[in-house]
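Below, subunit A partners subunit B and then partners subunit C, in two separate complexes.
Right after this comes the complex of A and B.
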């Protein structure tokens, strides 16, 4: 058997072992099943209480919020960092402000988000936006600062200058760092989601599990946690693939 | 000299910009352009900070208490995670079979957003200290575990082979070669884990407590004291910076053989 297949098999065995151990502990009766339900029982009961269509609806709404906040964070993060890295004075002004705000954890903005945007959709998107914005910004900025000067000089020798040099040389050279920032930002946006949806939400995965806690439905909580994990895993892999393809194409195209 | 002068000018520009922003902010609220509740002016924030230090918010719970409580929660969760993750990670990292066996489970557990466990730990352990500690420990644990595993797994095989040709016993290979080579990555893991704990704590403190900086900023908002909220946010920011600096200093101290961390830093 080739090693990859062997690893996949072992991995599957590991998942089964984990589920088996969980099932065993739950059935042993050490803890009541209503507090610590067995995995399949939890999923079945959870799905009975929250039908697949409803669950899909919550996933969809959460993903929309993440996508919106992430897109805003990515655009503004890349935009500010590129401008700040390219135009020195602008960079000198903006960077210290960013460095002052960056250490504040995204969740710590929740109270001010409520004050500024109320309890509706914008405050949730704002908190998610913050989660994505800072990693994208700092990584892009790092990339802009570390562009190989030879590349820029080569560009200049070939007659590029100003915005053209920025678009054709500097930004393509920064793409790998932008990609790193985007992946970290996506992960953080996801991590912030649940807390953002604690703000008086009436839908979304965060709402689903917090509401289930009030109703005492442990099965729904477990189902929700697993769905959040799966959604994060799947979308992160998708993003990684898209970014890898994007990087490949851009390095074949404009740059040597 | 030229570089130093440019650097100097950059710092001056930045500082000047921040000071003028603050002045503008103060002016705008004095003129009534900014609502003091939404954007409390710097002078109000300073008053809030003073009040928090002297009288406390809520009354009697002063800023030191909030800060210490938050620190204690982060460190107890972090320490718990270290205690579990380091031995387990060393074990898994040494064995390719164990690594393959646990890899998907670890990947999934890492993907589970820590705060999504909040309702579950509340059901299981209530809203007390234990829940918060465990939540932080969960977030730190998986980050730490995967870094310890990677650290051990990606030790340069040439080093290990070189030691084998010199008939070094397995135990010594582990303590003298694998461990020192893996430490930088383990350290990077600890730093990331502390960052995760720091992120989780604010969310964890929003429920079932009035002590801690996360609780402070939410409480202050409820009582229309956004100036105090902003003081709390600033304290969290300062704490984050101090953590990062502290970890860096510790790393230079403990790992003098390891210079440029660039290959393990993301």
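Right after this comes the complex of A and C.
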């Protein structure tokens, strides 16, 4: 068996073991099933209450919001960081603003987002955008700052300069860091979305969980939580694959 | 080389100082002329300014005073006429070996098909025909340097600047690479400035050996021996002693 398949198998075994242990503890009666239901029981009951089609709808709307906010954050994050890393004056102008805004948790923006964009889609997408934007920006910026000067010099001795040097040497050299930023940004977009949906939404996975809490449906809460985890796992894996292909083999193993 | 021909490279009273005027100069009034197709070795201790001088010739670093001329024209920046092989790790890690060489060939103005042909030819020349698809991280240090040489040759520059290109290699690979470089150089003549801190390497390769010390040129030796040179040739060993004593 190749090592990759072995690792995947090991990972699957870990998940099954955890679920199995949870199932055992829950069924042993140490804690009440209404507080801590067994996972397979919760999944079955949850799915009975929320049909697969509805669940799929929640996943779909959540993924759409994440994709939109992430795309905007990634584009602006990469663009700003590449420009700031390459054009020093512009970089020095922008950096303090970024450092000022970066530590603010995206969730703190939710009230402002609602004031600006209302309760509809744009406010959620905006909060996700913030979640994705900063990790993409800081990783790309770091990558631009740490380009091996020898690579730039090699490019220069081959007659490259200015925007051509940026496009053909600096950006390719930064791709591994951009990819790292995108992975982290995707994860944050996911986390931020669910939190945003907890507060103001009528659909999506966050809404599903929050609504279930109000109805006292513990099984649905657990179903929702597990689906969030699974959706992130699957999409993050897809993203990792796309990025690995995109990066060729130049940075194998450098992703978190 | 004929002594009467105009020099290919002229270094004219070049000085270099990093930082403010109070800092000690790294290079002081360096004068040097290299004839067309000449193989010149720059030899000296670590930190004596060899890389700095090479970078100034390449146009990567501006001199504080003086100038460098190539074909009589003042060098104002790097360019395709001057290929450079760096000490190490200058290959683009996102391109395959062939991709790296092709990159150089494309920069010399060839179209995709032409660049591919040149890349294959040069990989063949440096003995890496079967490794074109590998990425730099999948090649040994010696192979990487051979790819770097192929990439520099792909530009087809008239001048080849080499900064301790074999410095990171083991002795055996190093000797192989020296022989290979001489083979390449004799098949496509170029003016070579080769930086090394190995006296033996300078003696094996150079038409002339320029010994640097304390920021200026301490001595220049004409080697004047036929290639390939035997490392036990008494004339070569005598010159080795002369250079060694001159360094103390």
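Quick notes on this structure:
Everything below uses one rule, namely that the second predicted complex is superposed on the first by the 218 of 256 C-alpha atoms of A that agree within 3 Å, B and C clash if a C-alpha of one lies under 4 Å from a C-alpha of the other, contacts with A are read in each partner's own complex, and residues count from 1 in each chain.
Simple rule for what comes next: a contact is a pair of C-beta atoms (placed from the backbone, for glycine too) under 8 Å apart; a residue touches a chain by one contact, two chains touch by 3 or more.
What you see is a predicted model, and the numbers here were worked out from it, not measured in a lab.
Once the two complexes are overlaid through subunit A, subunit B and subunit C fit side by side, free of any clash as defined at the top of the document. By the touch criterion defined above, A:6 reaches subunit B but does not reach subunit C.
In the superposed model, subunit B and subunit C sit 90 degrees apart as seen from the Cα centre of subunit A, a figure rounded to the nearest 10.
In the superposition on chain A, contact of A:79 is made with neither subunit B nor subunit C.
Of the two partner chains, subunit C is the only one touched by A:154; subunit B is not.
With both structures placed on the common chain, the touch criterion links A:163 to neither subunit B nor subunit C.
By the touch criterion defined above, A:218 lies against subunit B but remains apart from subunit C after alignment on the C-alpha atoms of chain A.
Of the two partner chains, neither subunit B nor subunit C is touched by A:20. In the overlay built on the shared chain, the residue A:51 is in contact with neither subunit B nor subunit C. Measured by the number of subunit A residues touched, the leading partner among subunit B and subunit C is B. When the two complexes are overlaid on their common chain A, residue A:247 makes contact with subunit C while staying clear of subunit B. In the superposed model, A:118 lies in contact with neither subunit B nor subunit C.
Minimum Cα separation between subunit B and subunit C in the superposed model: 6 Å.
When both complexes are aligned on chain A by C-alpha atoms, no subunit A residue touches subunit B in the first and subunit C in the second. Residues of subunit C that touch subunit A in their complex: 58, 60, 77-80, 82-84, 86, 89-95, 103-104, 107, 135, 137-138, 152, 155, 161. Only residues 148, 150-151, 153-154, 156-161, 169, 172-173, 175, 247-252 of subunit A touch subunit C when the two sit together in their complex.
The touching residues of subunit B, when paired with subunit A in their complex, are 9-10, 13-15, 17-18, 21, 37-38, 97, 100-105, 107-109, 111-120, 122-124, 198-199, 201-203, 206, 213-214, 217-218, 220-221, 226, 229-230, 232-234, 236-238, 240-241, 244, 266.
By the touch criterion given at the top, residues 6-7, 10-15, 17-18, 35-36, 88-89, 92-93, 95-97, 100-112, 114-116, 180, 184, 188, 190-191, 193-195, 198, 205-206, 209-210, 212-213, 216, 218, 221-222, 224-226, 228-230, 232-233, 236 of subunit A touch subunit B in their complex.
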